[in-house]
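In structure tokens below, several structures.
Presented sequentially are two complexes of subunit A, the first with subunit B as partner and the second with subunit C.
Up next, the complex of A and B:
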């Protein structure tokens, strides 16, 4: 079964990459590598790599903990240390993990940070998160750039200049100081060239959902696909190879007319094509996904898979404009776009991928995503005339995932879609009579 | 053979059944508040709907007489009430047996005294209930067996002295639920004839009653007509009853909805989301409906529908019971009132006390504090009703606001105080919109279910009969 082997190949590649990273992290003290904690949105992977540092993404560790059913205990630990119930659960999960020995998803200890790098300030919680970590790791160097919000829906020359200035004055010199390595622009350019290549591939991958049936689920499987590009492998040859491989596997599925692969095998019938806004729930990820594939619903595009970069609109890292493109990248992340821009992007997804509906997963913990979600949904409903649905859960706190409530709402939503499909097809029949 | 379709809405507080004919007309309704398993609840509601359907069929047969002769109209109203009484009587008999048994098993030293007082209570409330059904309009008050009995039982217990209060209340609490949850089979024909006999006695006794001017004129017109002509009505009915009893109410298809729907022994395609059913039902009764608010026992739903009755979007609360029917149930318990008494008392308020907390549990504490500070009970109740409606309004706003026309459904739509605040707040926020509230509001979900059953497809338009034909072919 060649397709099974092909499927496994990209997964094996990804697994190897991640294991390699955590191995390197666990031996960082011995090898003398510096460790940089940073966040996915607006991350400066290329710069971290230029200085030979190893990245740690606390929110990725948190979601990994949730998928391994460890988040509840970590959150409880953080709450015992006076973190309120309303604090972002990514933060509490990460803090709790740290308090319990900072054992990462591979069972290896994650080393302390040498640098806490904050390159996206649109999420206020990120700042408070690192303030907390700074207290725990007083030796870590905090590097923070203020990333202006795209208030008017565009990046102005002044915004760009402001960002570049911060990179030149704040970020690069401090990285040099911590690592003892001189900034090498040529190296950064070579890395950026590989970033661009990976970005081209991933854009092509997410574009395959134009096929019917869609060969992939752009949300539930998409979160796996964005792994390498989001967690520090952007700018490596490995990432390029991974995405190339993944793309060819998906192409094979398209050629065979196959639907997405789910944890219970291949999805047989594509009944509904949806666009989803908001991050998924991680504590009950499989159950959550199952509600969708059991109903024959496939996600053809999602905003969450763009948190690490919106490449759909043609933007790429550019080796010829190294600092400029890093600055643009920080400002271009999905949650840094203003609400009308997000509406335009999501509407484009509905149009380009011929979606039947739009669902918002509103996350109790996440202000960056939740602000404006309802207004966006209403506007999209009016503009695109698609049925919209609204569900609520949380990132990594299992106490906020109510299976029966979510299932009840989604069932109603799918029946609503079904109803409309029948009516529309009947109208077509009647129109042709 | 005529075809009928059944919709069953299994809610968290009540279960409803609606039977429709091939014209989407409601011919039978049934409702129960049994807390037994959903299967029993569905069976009880369905049986009730079938009895109701037989009465509708009977009424259809004598439609001409009912339209032209007041005695027929009056007789049919009365016979339904007495029929309901006969059903109650059977359950009441059962309750008496269970109560006796419960008391017999009591470990209390004063068991004999409890038993004696229990018998006294039973002897007092039995004729009260009979009188209520036969001579007053208890049958039209939409009250459940539990409510009717407990209201009178509790009142009597109060008179029996402190030392017996606890065992007597315990006996009732232990006995009512199993009796309520019992599926009782009734013979329609037998019960109808029994009812006619009771009515015969009633009307015979009416001969001496004088008009005292306390009722509307039509009341006396109907009363006089039935008093003089009831034998004639009886004679006409007897001619039809055999046929009606013999007619099979053949349920061609059914659809289940509501919270308990997944537990119904129905095939998967016969189970529909209550969102769609409520919208479809509301739209069938009020075709211009664009926004539906349904306040049920366990959730509140704001639903937007298009001109075909199709749901375009919806919003539900499912995090918190404040703002739902259950909140009212909880408050009623706090005040020791029945659900039906809440609305009227709130309507007598002189102002609405501000209730800060919309959490059901905390509201209980707040209420106690307010009572302690001397706040009048109606004012507190008014504040609580207002708080519920405020929650619902916020849900509506989240779902996209109110578009004309607005239809209010669900069990809570029967509460006058809730209606008052809904009207007020809808007008304040959205201006003058047509507001639809139907006496059948509580049955909208079941009606929508029955309509889906008739179409036997996942969806259809009420108006586009062509659609149904296409699919059925």
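Up next, the complex of A and C:
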């Protein structure tokens, strides 16, 4: 395998898009663009774009900091200021980064927010996070939109109405006040049409893992694929073009019968097909991924890539129902689904993508994902009769990534999968005889 | 008063209900102690079995409008975990080591069938852990209904208030499916009246303690309030009336202790030994958030409207105590707590957070940074409901108390200004 990271055209396109955004952010104060901090789950990118604002995603900054090995220092800085060791490390990384000058992943300063758009979707910590940031940025306007949880496994008319009213009465008027731009529904509709197009493409992309071998890794590479759709490019022609290009590259891999591209080149043999629940570890992302591809394990579906929207269940932004569709989007994100819904979705993935096993990566500082994962795992094991595995790490705190522990556990797990394959093939032979 | 209480109990024909025999404060306190930590919830179960159509609805911290369950012919019973009275065997298999303790003891109670007489369960929106616990209850089919109650984080009565009313109607529909009771305006207003009285009496108890904390220990206060979450409000009110009457007398002797406020222990409860240890270590706890739900609404809810659900919703929106689970940007919590410190004449704050409690721990820097600027003294520690070794904490609290008593003649400058 080549040690060089292979760059495909889609990768270059994505890099250009992200660099463009950070360039725009670095000059926002000069160009007069308003800056809106918000979160990935339930992000109202289309609305932000309708008001010509530039988005900043603190959790994306945090994970980028971790990948650049800067998160440890940021976390320590936050802990020096009374932040507990036991809470979300995204929050601490973000706060620490702010305390140390708010230098973003491209080395440019990220401007202070004009708006803190708190689309409170699927994660309680988001609320505390922006309460904290409000104290740090007293001049920023905090706009809260409370997204009701799908506690009963569905969106009720009351939930929808509640959100639409918040959009109409609270969110939009406050955005108008801060930006000085009048809300243009026609513009929002045009943006939503492009969102829908990008959502169609990304659904097709994640569906290609039905092929054997799977042409992509839907977790480790998947986190790159969801970048543009989750961090402010949804609703742009650029995003549509990116996903078209990506799909075409993947289709070519399918045609050639190739497996996923890894940081060390193409994965030659697909031995195990897995479904993963939970976010990845970002501090040791490459090492973490390597354990899998070295063992011939490919992730065919993951819940983490659905935090910004579960499009594979058929839902799309709808330009004919602009506010309804924004409301539904927020409520449809993965972590806003209840535990039985999550179990059903993961079981569906195991079935639809013909997975050999199911792994939980339990993240210490993310209770939204982690609380309940053990019960989910047991239910999935019973229901789907696949071997399940469990590992623990953290989002961006390197103190909680233990390479040898994780490797040992995964090696044992892969041995179990291997054993099971042998038993199955023996049973098949015996049945045939 | 005692006669009317006896009447209630006679009507219930529940021999084990012992409140009628509470002829002195010690009996009341002892009974409350037992009821608070009866993890089989026998009192509520006996209440239910005494009459056809009665319903038990369990609710987790922090707050739940118990009035609506009362109006629907039920009793809302607080489930505050197993404390240090429940050995966890199965619960640990449900939760990773880095998740707080209360969900594992609650699931343990359910798996051990100690919640079998409960008809439904309410999981108020406190944090992601309690939210996801509601999903586990749903998945396991525990109870006739499981409701994650999404309290509004929008505080406009016409938006958040309306949504809150819909959430309450959802619960009332579940209740009706169980016992067929159609809730009326009269029933709701009557329930509101009873709980208003309950809150008034609890407030009175705290107000007396503010001046005379030696008359009733915080441990006793805790047991008395917690017992109210497992018994009918009518009986609790009777009991509180007696306690309030008693503590108006000049009883006990003041000790050389400093007045403090405890904050952060609103969900998973500290072991009683810890609650006791804080006072033993040299403090009088003149306010706290241990049983915040019973004190969440400040003042009365209007009990005379023809829209009682709206009255309950508006009271939550307009007159709630601050809480780590309520979005606070328009009403910052650090100033709310500072006001409590001022009003109670406290010399400092003890931040007690359950280990791994997101709401409490994420608020810690907000409080502490603000209090550093305001000059309000504080200490902070963490606990777990099942830990009953408090030596280190007791030493920490003792040092805190001593530092105020011995080395500072006057409270911090700003606090003096605030308390004047």
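FYI, the second predicted complex is superposed on the first by the 425 of 433 C-alpha atoms of A that agree within 3 Å, B and C clash if a C-alpha of one lies under 4 Å from a C-alpha of the other, contacts with A are read in each partner's own complex, and residues count from 1 in each chain.
The working rule: a residue touches a chain if its C-beta (ideal position, glycine included) is under 8 Å from a C-beta of that chain, and two chains touch if they have at least 3 such contacts.
Just so we're clear, the structure is a prediction, and the values are computed from it rather than from any experiment.
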{"item": "Subunit B versus subunit C as contact partner of A:151, first or second or both or neither", "value": "second"}
{"item": "First, second, both or neither for A:411, with subunit B first and subunit C second", "value": "first"}
{"item": "Which partner reaches more residues of subunit A (counting touched residues only), subunit B or subunit C", "value": "C"}
{"item": "Touching partner for A:422 - first (subunit B), second (subunit C), both, neither", "value": "first"}
{"item": "Touching partner for A:275 - first (subunit B), second (subunit C), both, neither", "value": "neither"}
{"item": "Which superposed partner A:343 touches (first subunit B, second subunit C, both, neither)", "value": "second"}
{"item": "Which of subunit B and subunit C A:371 touches, first, second, both or neither", "value": "second"}
{"item": "Partner chain in contact with A:392 - subunit B first, subunit C second, else both or neither", "value": "both"}
{"item": "First (subunit B), second (subunit C), both or neither touched by A:381", "value": "first"}
{"item": "Touched partner set for A:21, first subunit B, second subunit C, both or neither", "value": "neither"}
{"item": "Residues of subunit A that lie at the interface with subunit B and also at the interface with subunit C", "value": "374, 392"}
{"item": "Of subunit B, residues touching subunit A in the complex", "value": "259, 272-276, 308, 310-316, 318-319, 398, 400, 457-461, 464, 466-467, 470-471"}
{"item": "Contact set on subunit A toward subunit C in their complex", "value": "78, 81-84, 86-88, 91, 118, 120, 123-125, 127-132, 134-135, 142, 144-146, 148-149, 151, 158-159, 162, 165-166, 169-170, 338-340, 342-343, 362, 364-365, 367-368, 370-375, 379, 392"}
{"item": "Residue ranges of subunit A touching subunit B (in the complex, touch as defined)", "value": "374, 378, 381, 387-390, 392, 402, 405, 408-409, 411-412, 415-416, 418-420, 422-423, 426, 429-430"}
{"item": "Residues of subunit C defined as touching subunit A within the complex", "value": "93-96, 98-99, 103, 125-129, 131-136, 138-140, 147-148, 150, 152-154, 156, 158-160, 162-163, 166, 324-325, 327-329, 332, 353, 355-356, 358-359, 361-366, 368-370"}
